[in-house]
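For reference, chains read A, B, C and D in written order, and residue numbers begin at 1 within each chain.
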Amino acid sequence: MIDMQNQPDFRNIPIDKVGIKELLYPIKVRDKSKGFQSTVAKISMFVDLPHQLKGTHMSRFVEMLHVFRQQVSLESLTSILEDMKETLGAKSSHIEIAFPYFISKTAPKSGTSGLMDYYCTIIGSSGISSSGREKNRDLILKVAVPVTSVCPCSKEISDYGAHNQRGQVLVSARFKKFIWIEDIVDIVEKSASCELYSVLKREDEKYVTEHAYDKPMFVEDLVREVASELIADNNITWFAVSAENFESIHNHSAYAYIEKGEI
Amino acid sequence: MIDMQNQPDFRNIPIDKVGIKELLYPIKVRDKSKGFQSTVAKISMFVDLPHQLKGTHMSRFVEMLHVFRQQVSLESLTSILEDMKETLGAKSSHIEIAFPYFISKTAPKSGTSGLMDYYCTIIGSSGISSSGREKNRDLILKVAVPVTSVCPCSKEISDYGAHNQRGQVLVSARFKKFIWIEDIVDIVEKSASCELYSVLKREDEKYVTEHAYDKPMFVEDLVREVASELIADNNITWFAVSAENFESIHNHSAYAYIEKGEI
Amino acid sequence: MIDMQNQPDFRNIPIDKVGIKELLYPIKVRDKSKGFQSTVAKISMFVDLPHQLKGTHMSRFVEMLHVFRQQVSLESLTSILEDMKETLGAKSSHIEIAFPYFISKTAPKSGTSGLMDYYCTIIGSSGISSSGREKNRDLILKVAVPVTSVCPCSKEISDYGAHNQRGQVLVSARFKKFIWIEDIVDIVEKSASCELYSVLKREDEKYVTEHAYDKPMFVEDLVREVASELIADNNITWFAVSAENFESIHNHSAYAYIEKGEI
Amino acid sequence: MIDMQNQPDFRNIPIDKVGIKELLYPIKVRDKSKGFQSTVAKISMFVDLPHQLKGTHMSRFVEMLHVFRQQVSLESLTSILEDMKETLGAKSSHIEIAFPYFISKTAPKSGTSGLMDYYCTIIGSSGISSSGREKNRDLILKVAVPVTSVCPCSKEISDYGAHNQRGQVLVSARFKKFIWIEDIVDIVEKSASCELYSVLKREDEKYVTEHAYDKPMFVEDLVREVASELIADNNITWFAVSAENFESIHNHSAYAYIEKGEI
C-alpha cells in the first residue's frame, strides 16, 4: 500500500506546524496535594514538516498520547516532545493540553468543603522548524482564575452599594524551574476583590460580601497587582496577565492586559 | 438524472422534522421604531416526511429563505410556513430564526445614546405531521434580556455592600395577536434590580448602582415579577420565563424557571 | 442572622424549578467494562418552590453533589433525587448531568487501540411540583454519537466519488430497566455509513473509506435506521433521535428528527 | 463627583492594553460589489495606560464606536485609531472587529443564487505603548473560509470512494495597500478540493462531487497552495495560513499552519 504522506513535494514550502487538533481525551494531571487528578483535556499535537515531504503521519500522534495520558505534567511534557520529533522524523514539536483543574477549598467561615474549577493550558515546544521562528525549547503554563471584582468608581460615587461581578484573570507564564497551578491560583486570588467558592453558607456570604466591598478593584488594579507579584518572583522569566470583568451594568466586558519579560 | 430523494422507502417510519440547520444568513427584522433593522440570523427550516418517501429536497429551503430574508416578522412567518409545505409537498413545516436584535437606549441621567443587544428567537410551526405530535399552528417569540441583579440575602446579612452580577432572563411566549420584542424587553427590564446599558457616564453609574441596591432580587423574585406581568397580559396565552444569574461569588449560576398557560 | 430565603412571599406564584446551573465538577460515572470512569460534568440541580416561600437554599445543592460525585449512574440518580427533595423541603426535584464519556475501541484492521468520546446527559426528575406539569418519576439518557455519513444522492449521480462528512446522532431514551451508554452507541454506530475511531492506520483507512462508500445514508436514512432498532427494543418506552450532518459541500447542516413512544 | 480613573497610581506599572471587549454591535462594512453591507460585529477596543494613572474611561470607547459603526473598513480604521488615542489621552490604540461577511455566489451549473458566510476579523493598532512591544502602525485582515477537502491517501489506497469533509482555512495577512475580503476568499477557494455554496441543485452536486474527487488535498497541500499564492502577491508583506479539517473518520481535526514574512 502506497505511503502518500511519504511522497515528495515540489512546492518548496516547509510547514511550521502539522498534526491533530481538538482531540478530547481523559488524562491524569499532576496535583500538588493528591499526586495526580483525573480530568478531560482538549489536545493539539504538531510537528514541523520539511519542504520535500508531502505529509505527516497523523495516527502516530494519537498513539503516543494514548500512552502519555496517564502522567501529564510540566516535566513529562519534555519527554513527549522529544518522542514526537523522533516518531515523526521532525525537527520541532509542539503540544497544547487544555483542561479544567479542580482544587479543594473550604469556605472562609463555615469551613464547608467544595471543589473550584480552573481552566488550565500547558503549552510546550521543542526544536526549531525550517521557518526558524520558534524558541528551541519553550514551556508555558496558562491558568484562568475566576474572581469577584467590585468597581472602585461605583463605590466612591454612590451613596451606597457598588456594582460588582464575576471576572476572569488569565495568567500565562514562562519559568526557570517547575511551578504549580496552585501557586498561580494563589497569587491571583489574593489580588482580587475576593476569591470564588463552590459552596458558601450564610456566614461565608456575609464575609465575602464585606471583604470584597472593602477591596474594590478595577481591571487595571487587578492586572497590576498580579503583575507586581509575578515581577517579584525570580522563577518567572516572562508573563502575560489579563483581567476581564463580565460587567454587571453592561452586556460587554472591561479588560486590561500586561505582558513582561523576555520571550 | 435520478431523483434519489423521491425514491420509495419501505421502513414504514415517517419523519417528524427534516431540513437544514445552523445556516447563517443576513436578514431584515421588523423593528418597532425604525420599520426594519438589519441583523444576522442562525436559521433552521424543517418539514415532515411521510413514511413512503426516502428524502426531502434540502436546496429548496435555502432558495425560499433567500427571498424571505428581506422581511422577517412574526406575521411574515405564517406565509413562509405555508410556502414550505407547498414547495416541499409536506403536511407540516417548522422554522426557527435566532438573531441579535438591537434597541437604542439613552443613559438614565446623561442621556447618552447607545445600542443594547437582545438575543431573540422566532419559532413557527404549521400543520400536523404523520406522528401527530404538533399543534396545527404555533408561534413562539423568545427574548433573552441581560440584567443586573443584586442579592437580597447578601445585602441583608452584610454590614455594607451586596454581591451583584449580570444575569439573563429568557422569556418564551405564545400570544393571540402580534407582540413586539420591545414589549417583552420592557417587562423584564422593569422587573430586574436594574437594566443594562452600553454607555454609562459617571452620573449614570451612580444612578444604576443605587437603583440596583435599592431593589435587591433573587432569581426567584425576578421570575415571579416577570411571570406576574405576563399573567396579567391577556394577549399572552402561554409563557416560560427563566432567570439565570452568573453569580459573582461562585463560578456557577443560580437559576429559576416558571411556565404557565395552555400549550 | 436572618434567613431571607425562608421569608414569606405574597405574590402567590409557585416556582417550577430553582437551583444551580453550569456547575463544573469531576465525577465518576458507571462504566460497562471498567466499573467506573472519571470524567468532568456540567451539572444542573433544581427543586420546586411553593408559592409561600421567598427562596431556596442554593449551597445545599453543591454540598449534596460533593458527596454524590463519586458514584454517578442511572441507579444512584434515584437516591440523589429523593435526597434533594428532603434536604430542600421540596415536592419535586430535577437533575441534569452532562459529560464526555470515553469508550475504548480497536481499529477495524490493525487492531490499534484508542479512546472515542461520546457526549452524554443523564436527566432525572422525581415528584410533582405545584404547577403539576412533570411526570412523577422520570429518567432520560441522552447520548451523542459522532459518525461518518456518505450522501446517497451524490454517489448515485456522480461518475465517481461521493461527498461525505462527520455527522452527529443524538439519541434520548426513556426505558423500563437500566440501559448502558455502550448499548445506545452500538445501535447508532451499526446504523451509520461508518463509525469513527481516534486511531486509524492505513489498512484501517482503506477499510472505513470503502465500508462507508458501500453504505451511503441520508440523515433521513440514519434516523430511520436508529428508530427501527429502538422501536424493536422492548426496554425502550420512548425515544427521540436526531441526525445532523456537518455537510462537506455547504456551511450549514442537514438534519432529521423522529420521536416515538409515550412520554 | 470624583474622577477615580484620573487618580494617581503608585505601583509604577504601565498597562499595555485596557478597554472594552465582547461588545456586540451592528455595523456597516465595506463591500466590493455593493459599497457597504450590514452585519453584526463582536468588538474590542483598547488603549495603553501610563504607569501614573489609575484607570481609563471605558464609556468613551462605546461612544466613539456608536459614530464609527456606519463606515467600517480597513481605511476608516486608521482614523478611529487616531481618535481613540486622542480621546483617551493614550500613546497607543488597538481595535478588533470580528463579523460574519456575506458574499453572493451562483451554483456552478444551475446558476442558482445564494449567500455564503465568511467570518472575518479586522485588527488595527497605532502608536507605541510604554512597554514598547507593538509596531507603530499595524493592520491585519483575517478571513476564515470554509471548504471541502478530499483525502489523497484515502483516495489512493481505497478501491473506490475517498473520505472528505468540511474544513476551514484561516488566512491572516498584513499588506501594503488596501485588499478586499473577496480577494482572500478567491485565493482560498481556488486552492481547496472544492468551494462551498449555500444552494446546490442536483447538477451542481454532481459537479462539486466530481470536481472535489479530482483534486484531493491534505491540510498540508491546502496551506502550501494558499501560501504559494500569498508569497507571489507583492502586496502581502506577512501572512499566516492554517487549514483545519473536521475529519469525517475521526472526532478530531487535522491541522497545518504556515507563517511567512516580516512582522
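Methods note: contacts are C-beta pairs under 8 Å (C-beta built on N, C-alpha and C of every residue); 3 or more make two chains touch, one makes a residue touch a chain.
These numbers come from a predicted model, not from an experiment.
Asker: Relative to chain D, which chain has the most distant C-alpha mean position?
Answerer: C
Asker: Have a look at where chain A meets chain B and say same if over half of the interface residue numbers show up on both copies, different if under half do.
Answerer: Same: most residue numbers at the chain A-chain B interface appear in both copies.
Asker: Averaged over CA atoms, how far is the centre of chain B from the centre of chain C? Could you give it in whole Å?
Answerer: 24
Asker: How many angstrom lie between the centres of chain A and chain B, each centre taken as the mean Cα position?
Answerer: Each chain's C-alpha centroid was found; their separation is 35 Å.
Asker: With centres defined as the mean C-alpha position, give me the chain B-chain D separation in Å.
Answerer: Roughly 29 Å, centre to centre.
Asker: Using the touch rule from the top of the page, what residues of chain C touch 2 or more other chains?
Answerer: Expected reply: 1, 23-24, 62, 117, 153, 157, 198, 200, 202, 206, 251-252.
Asker: Counting only chain pairs that touch, give me the topology of the graph as line, ring, star, complete or other.
Answerer: complete
Asker: In their shared complex, at which residues does chain C touch chain A?
Answerer: 1, 3, 23-26, 37-40, 59, 62-63, 66, 100, 102, 112-115, 117, 198-203, 206
Asker: Can you check the complex and tell me which residues of chain D touch chain C?
Answerer: 116-117, 146, 148-151, 153-154, 157-166, 194, 196-198, 200, 202, 205-206, 208-210, 212-213, 246-252
Asker: For chain A, which residues are in contact with chain D within the complex?
Answerer: Interface residues on chain A, with respect to chain D: 1-2, 4-5, 9, 11, 13-24, 44, 46, 49, 54-56, 58, 62, 131, 133, 152-153, 156-157, 218-221, 223-225, 227-228, 231, 244, 251-260.
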